[in-house]
Every structure is written in structure tokens, then in C-alpha cells.
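Across the two complexes that follow, subunit A remains constant while its partner is subunit B and subsequently subunit C.
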Partner chain A sequence: MAPRGFLRLSEKSWFMLALIAPALLTLVLFQVIPIVVGANTSFRDWSLHDPKRTWVGLGNYAYVLGDSEFLRIVLPNTFGFMFATVLCSLVLGLLIALMLNKEFAGRRLIQSIILLPLMVAPVIAAIMIRWMFNDQFGIVNAILDVFGVAPIAWLTQRWTAFLVILLTDVWLWTPWFALILLAGLQSLPPEPFEAAQIDAASPWRTFRYITLPMLRPVIVVCVVIRSIDAFRTFDIVWTISGGGPARATEVFSIYAYVESFQFLNLGRGSAAAVIGAIIIVIFAMVLYRILNRFVEVSR
Partner chain B sequence: MLKHYTRSCCGPLIAIAVGLMASAGMFPASAQEKELKIGYMKNPIQDASLDMAEKWAKANNVKLTRIPMAYSVFMEKVTSTLTSGTDQFDVIWHNDDWGQLWKKWLEPTDDVKGMENAAKWPLEAFINDDNKVTTVPMAHTVGTFFYRADLLQPNEVPKTFAELVSVSQRLQKEGKVKWGYVGGMSMNNTWFTFWWTMWANNCDILKPMFERDNAKLTAAKFEPAVTEPCHREIVEYWWDAIHTHKISPPGMTAYGRNEANAIFMAGDAAFTLVDSTHFGEFSDPKRSKIAGKVGMAPFPVGPRAQKPTSWNEIWGWAIPKGVPAERKKLAKDMLSTMMSDEAGQIEMWKKTGGPPPNVKLWPKLAADDKDFAALKHAVFDQTPITHSAYYFAEWPAVHKAYSDMAVAAISGKREDIPKVLADNVDKIRRAATGN
Partner chain C sequence: MSAVAPAQAGSHGFFAMLAPGGRRALFILAAIAVCLLFAFPIFWLVLTSLRPGSGVYYVHRGTEFTIENFHEVLSQPVVLKALWNSFAISTLATIMSLGVTVTSGYMLSRFKGPIPNTWFSLIYVFRCVPYVSWVLPLYFVTLKLGIFDTYWGLLLPHVAVHICFFSWIMKGFFDGIDPSMEYAAMIDGCSRWGAFVRVALPSAIPGLTALAILCWLYTWNEFLFALILTSHETPILTVVMAQFVHELGMEWHLMSATAVLALGPALIVTLFGQKYVIRGLKV
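Up next, the complex of A and B:
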């Protein structure tokens, strides 16, 4: 009897399957299985020091969703941070990309310098920034002192601590936006810009009505990817403020980490992680649709 | 094509697999060497303690494999190893902070020779359900009040909270220091400000005060003591220290130990309180501007206390139950030798400031070493009012809830302190009961 369906694949198809098999295996081993295990943990009474593993249904989810701190502090902080960092990094990255898209002496050198933050590990950057903003030894207060500004205890109040975290993240991620937007700018066809020049359009109108609409697909991809990444930010916040003072800068990933690895309650920590994953999936889908509509309209 | 491809790949793949299996120890080595794997935190004291173990290992032809881990992952990593029943470590660092969490996973150590010379009080944190000790002390970790001996004579050192303010202000006014007292306040550094003053003011976190018996705490429904007057006083004390008297830096609510030590070692503060294990750092001229200028004294006392208290716990070594009997015996031999290595323990003290676990050494060491004499007077000659942590599973959550409450109270208005404390009673109780 001749082989059917899957087994009847051509030699070429088998070869292609063999080529993607390592990537697929890696994905299953290191993404799919941990997600399934984590999701399973979230339905169980699972503390690290005494893992009973008994089924508790939605108990852990009810705890997280009923935690007023999670709803009043953690989620607003997470979304606030995400919007602020993506917006600031996008605007600055776009400005840098526009600047680097022009010919001038030393362009390559400046391009390399601007990309330097991308080469710094976020934890290292965060430790450095924490000391730069130290109220006793920090360079920032030393500079402010020159201008007669009294020393500021940056990490002791919610908004100043948040500002320090935001600055660090924007500093780290602006080059990434700049790099991708620059690649987008350089791939735009020259004809519309030549036509605008012939029509004596001002630089602002050229940017507003030609550059920006044509660049929108690239911006959409950047914003969606970076928003998802910003939602799960952990290292910078943990190193700079630890979520403090008094949970004032706590974001979603810190909440999940503290439940799992400080309180050793893997069940609750996993439930928080699953809730976060659901939120970000819904958010990314909505964001992608909205931004995609902008792209469609602009075409 | 595929057959050819498969054949050509098979040979190298098998070779790699065999190599990996061999390197992973799946094939026994021809000559078995005895080995002990030690999971510990990278720290000068633990390294000095392991140097003692190394002497024993060389003499007994045992290979000692050190597996260092960062503090931030140590407890999680070792807990998961213990509960999974693997024998990844033969000996592990043990700390009273998580003493009770591991009690059923650890081998009793009562039978280790030399344990009779260990202080009994700190071992209470490591007792299992059969009333057996589950650790062998490595060094004492004692909260020590450090002062600048170049600025103050021993009789001028503050003995009360009020004197801590007045002496600090005098030194600040004279331009000798920028700050009076510096200590950590952020989560996990709560001991270095709030808690030592809490005990020194006859106060505690939960009721019944100073109780550490989990059964009694459960019976009392983990009632927080944070609205008691003694507690409000210490929060107000630190609020005043930062905002009114300005003897402590305004950024202190966000400080960990690194920031506090940096300020003290730069010579910018007159006083700090931290584990004596930092004495080695303070005395290192390469790192500290105040090396050789640091004195130790008993805790200043609060308005509700008559005499100084102390904070006296230990770091220890423990043996997981899952370790095979032969290696357990080997580990106990090693720990027994370390407990009786007087020269090694004295060397550890001199190198790192880690007080010896053998208490019989203390009088001798105090007679020969003025720093140890000062530490003995500051800590070991005082009676602790209670243990420096609680020993139930939800303790980390209580610690975090307390820390958040205290920092919020200090960061707000002074008149709001009672309200902040009252608002957090329920959060602390829920943290303690896991609800």
C-alpha cells in the first residue's frame, strides 16, 4: 500500500522539515514546554520549600486579581512605564535617524557612538545609573550643585524614582529605534522626495506628509515589539529601585518575581505571569490592529 | 541524497554524544577520588571558612569542589535542589533567615564533634521537629554598632537614642562628619535601621512580643505590633533623624548596604550598624578611608529600655538529607575538624571579622585582640531580647510588607505615621497567614 498524507511528502519537503527541525525542537524545549509547565503550576499549591502540588483551580488567579496592590499600583505602573518609554524612545530615535539620514562630516563616527548603549547590558547600565543618581556621591547631583540646585534624593519618591528608571530605559533603547528607523528611511524610494523638492515643499511638510506616512509600517513593527518587551521589563527596575520606595515603582514582572522567588510561592508567581501574558497578548493584538489601520489609511 | 546525508552525519554525531556522556560522568573513572561539593555564597568569611575545610581535605585526600552562588539566587536555587531530592551539594551554607524552611530536608548535626562548643542561642533557629540541630556554625553574624574611634572617646559614644542625635549633631556642627548615622532601609536592609532600634526600644513586629514559637504566633493569629506606641516611636525616630535633626542622609530610605557602607567608609558618617562581618571591609585601607579608626559599642537604647540588647545569630554549614551515607560521614568529619580548628578560626576572625563559632575561644581571643574584646563587650556580653528574624514560611512576605510600610511612613508626612502604621496592620497579618 502506498504511504499516505504526511509520509507521502516529497524528498524536498523532508529536507525542508529536517532544516527547521532544530529550531522547532529548541522552540518546543525552551518555550512551549516551560509555558505549559508554568501554566500547570499556576493551578496548584506549589511553594518552593514545600511543593504539595495539589490542584487549587483558579485560587491563585483569584488571589492575584483580588490583590489591590496588583490592580492599583502594579498594572498602572507597568502600562505607564510602557507608554512613556516607547513614546520617548520612538521620538528620540526618529530624530536621531533623521539626523543620521543626512550626509555630514563625521556621520559614521556619530552613528557608532549613538549605538554604544545597545552594547551595554541593562543590569550594568542600571547599576551605573543608580550610582549616578546617588544623593551623596552621584554625578547628577554634583552637576546640579554647580547650578545651585540642592541635592535631590532621587530614589526616595515615586515620580523621581520613576523618572530615573525611564531615563535609563530610554537611553538603552533609543539607539535600537534609531537603527531600525534609519534602515527604514534609507529604503524609502527617492521619487516622492524629489517631487516634493520640485514643488518647494518645506522640510516639515515633507516629513509630515511623505516621510512619516511611508515610514509607518516600520514604526508599527518597532512599537509593537518594543511595547511587548517594555511590558516585561525586570532588570532595570529591580536594580535601580527594587520596585520601591514602598512598591511605588513596582511593575508586573517584579510582582511575579517577588511572589515566586522571594515569597517562594511558585503557584501565585506563575498565575501572575500567566495573567501578564494574557494581558500583553490582548494588548499587542489591539495595538497592532489600531496601528495597522493607521498604515492602511495612510496608503 | 538524504541517505547519504544521514550516513555522513552519523559518525560525528555519535562521537560527540560519546564525548558528552564521558564528560558528564556517565562512564566511571578508573580511579575514584573522594569528593565533597559545597554550595555557598561568595563572601570573604565563607571563603575563609572553606580555607579551613581545604586543610582537612588535603590531609584526607578529598577533593573539595566549591560551587559559589550569588546571595540573590542562593536560597531559591538550593531550596529547589533540596526539594527535588538531588545530591547536587554535599554541604551547603545555611542561614537563620531561612532556617526553618529547610528543617525537614537537612541532616541533624548534633553528633558532630565540637558542637558542644557552639553558642546555644543562635542554634534555636535551626531546630527540626525532632528537636535536633540541623547546622554547624561557621561564624557568628552579629549586629554591631560601629563608631568613629578617631572622633569619639569610648565614654562619649551614644548610649541612648537621644544621645545618638545630640552627638551626631555636635560632630556635624564641628565639621567632622557630614552625617551622624547611616544605615540601609530598603527591603532586606531593614535590620540596619528600623529593627535594631525596635529591639532597643523593647518592641517587636508581631505579638506576643519577642515570641518565636510558631505555634504561639499562630494561636495569636499573627497579630502585628506595629501600632503599639513603642513601634510608632521608632518610626518617628527615623523620620526625625532624616527630616528634622538631619543626622541621616535624605536618600537613606532607598539605601541598601552598599550605599550605607560607602558613606561610612568614605568617612562621611560617624555611626552605622551592620553585621560584624563587615568589620574586615571597614578595616581594609585599600577600600576604606577609616581603616583603623573604627570602634564597636553596645546598641544605644530607646526610651522604653533599661539596658542594651544585642543581635547574635550565626551562619552555618548544613548537610542535605539526600546525600549518600558515605559522603554524609565525610562531611561531618570535615565540619567537626573545622569546629576544633582553633588556629583556623582565629585566622578567619583576623582576616574577615567573622567571630569564631567555638565560644570557648572567645575569652582567649578577647585577651589578645583589642578588636575582638570590643566586639565581645558590644555584642556577646549583652543579652539578645529576641532572634533577628521569624521562622515561619511566610516570613519573607511579612518582611516585605513591613519594609514597604516603614519606608512609606518615613517618606510621607510625620503626622500621617500613625495612619500608615494602622493601614498596614491587615497587610502584615495577611502576609503572615498567606491569605
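Up next, the complex of A and C:
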């Protein structure tokens, strides 16, 4: 324990502070100060073409929270997207991890192939998928045509556009889940599996009662990290649909960006950004509690 | 562990009914499906980039191929400049981020008490703050500091983005290294700093390499910060690419060529560092 009083810190405490000083300085300058500036902006009437900067109190917050666009479309989209993408990529990733955990010819090749999405920029992935789902010339409609399905205008309807965005995100992140879960699987002790084999437990029961519980801490960490990141998704939505058709696929990041830089109302955009930040920080803290409990129980 | 044969789907009854040969066939089918699913979009992108402008709309039919698209894209000065800028910023950001977070992660791993605890909660909270919430005002901060649309104006925010997550991962690396060597070094008269630089740091090199590769890829692929914090002076590849979508009325062949150019370096980095990338992902 460091003694009280700033200058009477022990040599050890000074060393600790010195170690984090560069990181702390950068963090304060380029993250803490911008957040404070943003919070300040959110209380003002600040449009980019006419920055009056007059104090309007909670006016911007009232506007955003009263905006049916934000409540009925943006929030459900954001949470729905977060839930769906994490669930789909977790399940797919787990299946692939279980598959790669066996020894077979071509295992290395598959592992290299699923590394591909990890190095593709989300923007490129979005462009790629958008091209494949192009209503006139895309390969997806061409394949569907072979089966006699009429061309679908994927990006002009809310749910199909949403599906395309979801698919892109799942494509991008399933490999990440797969590789981390694979690492988790490989570090499990072999004894319980040997015991299960001696007892002639079926593969499903082995998975359900041995693999899954032992893998739980890894799964929980993945889900927490990924949920927080999925909440702030911007690039793929922006590139695939731009929030359209008619703002129907806007997620929270897009809403804040559009309010600020397209409707040029920085005050409202900032208020939306602050609201989103508060939601996700509370969410993350709850998740962190759950995470800690899980990890303790499993030890 | 091949004998354990973890279930693929939930239906063990179904699996039990299949003959061993059928089970094998199903497994091979699943493996092929996985390969196709993850490789096909990239294959399609490369194919599109090789089609002439006239044939791009029916990629799955024609047989003409050309590298004219790459010529055309590379003759645009903005693309060349963006390639160089992206490369320079990714490399510099990697060096700076690692330099800043390695000490921070070491501190989190080796010490206990109120200072590390506070720092850790701070990092956790700031890691969760959505990017939009600080990149919008960051625009004003960089304007005020006079570094908007310069290397520094993008570089330093990128370092700030990485601080929280990387400190966390670095802590994990150092947690995996036995500290007793450092204590021994300190008993032998090494300072704390000396114990860190001469003993702990060399053992952390594999972890650092992994993180360096990931950091380079993240920065190379990043979009939102580049979109808001740069303009005409410092074009960044991802932003230039996204502008193709909105402004040029979808010249898919040129856009695919640019995307393939952006993919190239990332591909090289990943393939050569595959071992490290997989290691670095183990949170």
C-alpha cells in the first residue's frame, strides 16, 4: 500500500506511475479530453453551419431520447445486431473449433483459410459482400436464378439489408471465435475426456457435460469483448447500406455520425454519442461482474 | 484427442445411425463448406478486379482477363499517396503503441495495490466507450492542436485506441512469465527498470511480435478514425476505397482492384506471421 500524500509515495509507487505515464498521457490527451469536449458540446446548440454554442441544457438529450427514429429503429437495430452477430459467430466458431481440434489431413489448410477474414479490412469485406449481393449483377442473385428464384433487391428492404450486414459481420468475426476457442480446447486437460471414453459416453454428452463447462471461461471472455465491439460497429454498416434504405438499418454509431456530419448538428450527434457511451459502459460493467463470477466458479 | 470425436451438431442419434464412412463424408463436406464460405468472397473480389470494365457486370460468364484495372488505379496519385500513408501510419502506430503499452502491461502484471487497480478499471471503462463518442470531438481537439489532417493527427489517436486493449493483453503475456528471474536480478543489484528491460522484456518478445502484427493489421484496416481525422492532405487507403463507392457511381472493377491492393500487404503480413497471429489472439 502506498502511503498517503502525493510526494510521499514510495520509490515503488513512483516506478509504477512512471511505467504507465506515457500511456496515461496519451489516453488523457486523445481520449479523456475529447470525451469531455464531446460532453460539453452535447449541452449546446452547436450546428456546424451556424455554431452559436449557446447552452441548451438537456435539450439535445431530450431531442434524441424523444426521436422515434432513435427509439424505434436505432436502439433495436443496435441491440438486435449485437445479439445476433455474437450468437451466430459464437455457434459457428465453436463448430469450426471442434472440427479443427481433430487431427486430419488438410487441417492446416483450413486453419490458414479461416485466418483470411481476420486480415480483411471491414470496409473491404463490406464492399465485397455488397458486390456479391448486388441486385442486378451480383453472384448471389445469379446463383439463386439457377434455382429459379427471382432476383432479390437485397439493399432496398430493411430486413434483407440487415441480413446482409449481419452476414458480413459474422463472416468477419467467426474465425476470431474459432481460433480463440480452438486454443481453449487445446489447453483442456485430457483426463476427463479419457474417463468419458472409458464410460462410453456419447460424443454429444461428452461435449455437453465436459467440453462446454470447461470451455465456459473462454467463451464468456469472447462474448464480452465481442459484444462491446459489436455495439459500436460503424464501417460495415456505413459501407453496405449507409444506414439506408431511408435510415432503416441505422445503428447507434451511424446515427451519431449522421446527426453530426450530415445534418450538421454536432450538439445532437454528441448527445447521441454520450447516451450510447453511457448505455454500453453500464452494460459492460454488468457483463464484467458476470464474467468475474463465471471465472471464479469454474476455477 | 481424435478418439473423443466431439459432436458437430446436437444430434447424436443421427450421428450414431450413420456408418463410419457416412460420418467421414459428412465431415469432409463440412470442411469443404467452411473453406468455401471463408475463401469465396475474397476469391470473387480478386476475380472481379481482373475483369475489364466492360465485362465486370457478368463476372461469372466472360473469359477475358486483364490487369488494366491495376494500372488505372495505380495511375491515380491519390491511391499511391494513400497506400504510402496507410503503410507509414500503420508502421509508426505499431511502434508507438507497443512502446507505450508494454510498460503499462508490465506494471499491471507485476504490481498489486490501489494504483494498478485504478489503472485497470480505468482501462476497462475506456475500452468500452464507443469510438464515435470520442472521435467526433477529437476532430476539434486535433484542429485546435493544429494537427488535423497530418500524420500526428491520426497517429496519436490510433495509439490512444490501442492503449486499453493492448495493456490488457500485455498483462496476460507478462502473467505467463515467471517473475522469479526478475527478483533474482534485483537481488543481484539490478534496478527495477533494469530488471524490466534486461530480464522481463526479452522473454516477452514472442508476445510482442504477435501483438505488433495484430496492431499493424488493425491500423491498416481502420476506417472511422481515418474518415473523420483526415482530409485531402493525408488520404488513407480505406477511406479512399469507401469514396469509390459513393462518388464514382460504383466502378466495381476499379474498386475491387484497389481493395486487392489493400489486401496484399495484409495478406503477406498474416501469412508470414501466421504462427504469431494465432498466438496473439489467445486473449
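Following the convention adopted for this analysis, the second predicted complex is superposed on the first by the 271 of 299 C-alpha atoms of A that agree within 3 Å, B and C clash if a C-alpha of one lies under 4 Å from a C-alpha of the other, contacts with A are read in each partner's own complex, and residues count from 1 in each chain.
Please note the rule applied: contacts are C-beta pairs under 8 Å (C-beta built on N, C-alpha and C of every residue); 3 or more make two chains touch, one makes a residue touch a chain.
These numbers were taken from a predicted model, which means no experiment stands behind them.
Undergrad: Comparing subunit C with subunit B, which touches more residues belonging to subunit A?
TA: C
Undergrad: Examine A:W55 and indicate which partner it touches, taking first as subunit B and second as subunit C; both and neither are also allowed.
TA: Touch partners of A:W55: none, neither subunit B nor subunit C.
Undergrad: Using the touch definition from the top, say if A:W159 reaches subunit B (first), subunit C (second), both or neither.
TA: neither
Undergrad: Does subunit B (first) or subunit C (second) touch A:Q136, or do both, or does neither?
TA: Touch status of A:Q136: both partners.
Undergrad: Using the touch definition from the top, say if A:I113 reaches subunit B (first), subunit C (second), both or neither.
TA: second
Undergrad: Which holds for A:I280: it touches subunit B only (first), subunit C only (second), both, or neither?
TA: second
Undergrad: With both complexes superposed on chain A, which partner does A:W171 reach: first (subunit B), second (subunit C), both or neither?
TA: It touches subunit C, and subunit B stays clear.
Undergrad: With both complexes superposed on chain A, which partner does A:F15 reach: first (subunit B), second (subunit C), both or neither?
TA: Once the two structures are laid over each other on A, A:F15 reaches both partners.
Undergrad: Which parts of subunit A are in contact with subunit B and also with subunit C?
TA: 15, 18, 134, 136-137, 242, 261
Undergrad: Give the list of subunit B residues in touch with subunit A in this complex.
TA: So the residues of subunit B touching subunit A come out as 1-2, 75-76, 79-80, 83, 98, 101-102, 178, 186-187, 249-251, 253-254, 259, 262-263, 266, 268, 393-394, 396-397, 400, 403-405, 407-408, 411, 434.
Undergrad: Which stretch or stretches of subunit C touch subunit A in the complex?
TA: 1-12, 15-16, 27, 30-31, 34-35, 37-39, 41-42, 44-45, 48, 56-60, 99-101, 103-104, 106-107, 111, 113-116, 119, 122, 124-138, 140-141, 156-157, 159-160, 163-164, 167, 192-193, 196, 217, 220-224, 228, 238, 241-242, 245-246, 252, 255-256, 259, 262-263, 266-267, 269-271, 274, 277-278, 281-283
Undergrad: Along subunit A, where are the residues that touch subunit B in the complex?
TA: Answer in residue numbers: 11, 14-15, 18, 47-51, 134-137, 151, 153-157, 161, 241-242, 244-247, 258, 261-265.
Undergrad: Looking at the complex, which residues from subunit A come into contact with subunit C?
TA: It comes out as residues 1-2, 12-13, 15-20, 22-24, 26-27, 29-35, 37-38, 41, 95-96, 98-99, 101-104, 106, 109-125, 127-132, 134, 136-137, 139, 142, 171, 174-176, 179-180, 183, 190, 193, 196-197, 202-207, 211, 221-222, 225, 228, 231-232, 234-235, 238-239, 242, 252-253, 256-257, 260-261, 266, 269-270, 273-274, 276-277, 280-281, 283-285, 288.
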